[in-house]
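Chain IDs A, B, C, D, E and F follow the sequence of writing; residue 1 opens each chain.
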Amino acid sequence: MDKEQIFGMAEKEMEYRVELFNKLTQTCFNKCIDKKYKENELNMGENTCIDRCVAKYWQVTNLVGQLLGSQRPM
Amino acid sequence: MDKSMLGDLSSLTEEDQVKMTTMIDQLQIRDSLRMYNSLVERCFTDCVDNFQRQTLGKQEETCVRRCAEKFLKHSMRVGLRFSELNSGKATTD
Amino acid sequence: MDKEQIFGMAEKEMEYRVELFNKLTQTCFNKCIDKKYKENELNMGENTCIDRCVAKYWQVTNLVGQLLGSQRPM
Amino acid sequence: MDKSMLGDLSSLTEEDQVKMTTMIDQLQIRDSLRMYNSLVERCFTDCVDNFQRQTLGKQEETCVRRCAEKFLKHSMRVGLRFSELNSGKATTD
Amino acid sequence: MDKEQIFGMAEKEMEYRVELFNKLTQTCFNKCIDKKYKENELNMGENTCIDRCVAKYWQVTNLVGQLLGSQRPM
Amino acid sequence: MDKSMLGDLSSLTEEDQVKMTTMIDQLQIRDSLRMYNSLVERCFTDCVDNFQRQTLGKQEETCVRRCAEKFLKHSMRVGLRFSELNSGKATTD
């Protein structure tokens, strides 16, 4: 691949990662954080939930990746 | 999303055709990465609600598999209907 | 229009179609597919619903296009 | 979204002004295509729930028309208020 | 900053404003407009709600901007 | 999203490294603008429901502050876990 393509691939890889991170962040916020916002600190339960939510989101990312098999873009 | 989307490329010069096809390929790669990300988001949201443990449960895994498979089959069927409509021979009910 | 503009227009046309297809796919999935995911095949009812949903989405696309009238971008 | 968004272009050279205006036009075309797509998505989601038949019913069509017209009028009003705020003379309640 | 960067910044500034305007429009439509679409005109209540919604959205934009403090991108 | 995302840049020429870093910086600026916009959208949607008056109430303001602070803290924690997973030493439950 020439330099042009290398930069193109690098850019898509990064856009993919940024989007993955943003969706992970939004989804786990919806799943773990109480929307009544009673205080501005994250409590113990929310912290544990966030850690597990990230771990499970990661597992689902890999699982769907296997299912997409060869089609898997990355 | 296939090349036919853009109709007849033959009117373009050799070099422009290459440029056009590369543009389509770039768009398809970006689109499939986005589809991958939103499929994960959708199936996680629909299938994973319990955070007592840190690893995916049996049931959650089955749910994610079915969700992903159903979405891919759904997406293919929509693609068929969509190209029929695009080429004007919509199925009559 | 010079070549630059032709490519620009072609790119926007494609981005528009890709987004139209993605919104159509997501919307009809929400309308037609049972979220309990009891099996991994699409059943008869879901298939019929998908066909009709695509047809109706297409009609709404055209209807809104007429309403936008001259403003219609494409 | 109009040219005023970018303030005074006169400080730019002739050639840069053309480049800037083209960039704004490109962005506006892309933005109106996106608005068109999301308007269709919103009015379809709000107005079409029944898939017994393959063609849009009378009521569904009326609902889509009203939804689209209301959204366009809403969007224009938001644009007015938005530019007032932007130019600092917000209306007092 | 050279010309390249000036155009780059101008483009991001515009993309930011277009997205701000779109999110403002969608959010206030959801908050103010009755989804039963009984008529195609905006009634008095809806118009007042839109004006106040835009004003409050603007205040929240500034408030969050202060909170982001130095991190504030713009 | 930090430079480590792209692994080892040293294999690139001086000039390419500059080009790569500028690309990453551009992406980060665009990403933080998007994050800013979606944080405003989320906290407004969750905290502001009453349009009797035109100015933000005390309670609404507190809610927005807490929502934004919680989201930023949440986002940082997700970033930590994410980079752990990325570098392969996931925490065991």
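Throughout what follows, a residue touches a chain if its C-beta (ideal position, glycine included) is under 8 Å from a C-beta of that chain, and two chains touch if they have at least 3 such contacts.
Listed by chain with UniProt protein names: A, B, C, D, E, F = Mitochondrial import inner membrane translocase subunit.
The shown structure was predicted, so the numbers you read here are calculated from the model rather than taken from an experiment.
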item: Rotation, 0 to 180 degrees and nearest 5, that superposes chain B on copy chain F via CA atoms; value: 120
item: Over-half contact-pair match to C-D, picked out of the listed pairs B-C, E-F or A-F; value: E-F
item: Euclidean distance of C-alpha centroids - chain B vs chain E, Å; value: 30
item: Approximate Å spacing (C-alpha centroids) for the pair chain D, chain E; value: 12
item: Cα-centroid distance, chain D relative to chain F, in whole angstrom; value: 27
item: Contacts with 2+ other chains: residues of chain D; value: 34, 38, 47, 53-55, 65, 69, 93
item: Chain E residues counted as touching two or more neighbouring chains; value: 15, 32, 51-52, 55
item: Chain B partner contacts - residues on chain C that touch it in the complex; value: 3, 7, 10-11, 13-15, 17-18, 21-22, 24-26, 28-29, 32-33, 35, 37-42, 46-47, 50-52, 54-55, 58
item: Chain D-touching residues of chain C, taken from the complex the two chains share; value: 8, 12, 15-16, 19-20, 23, 27, 30-32, 48-49, 51-53, 55-57, 59-61, 63-65, 67-68, 71-74
item: Footprint of chain E on chain F - complex, ascending; value: 26, 29-30, 32-34, 36-41, 43-45, 47-49, 51, 53-56, 60-61, 64-65, 68-69, 72
item: Sites on chain F touched by chain A in the complex; value: 1, 5-6, 16, 19-20, 23-24, 27, 31, 34-35, 38, 46-47, 63, 65-67, 69-71, 73-75, 77-79, 81-82, 85, 90-91, 93
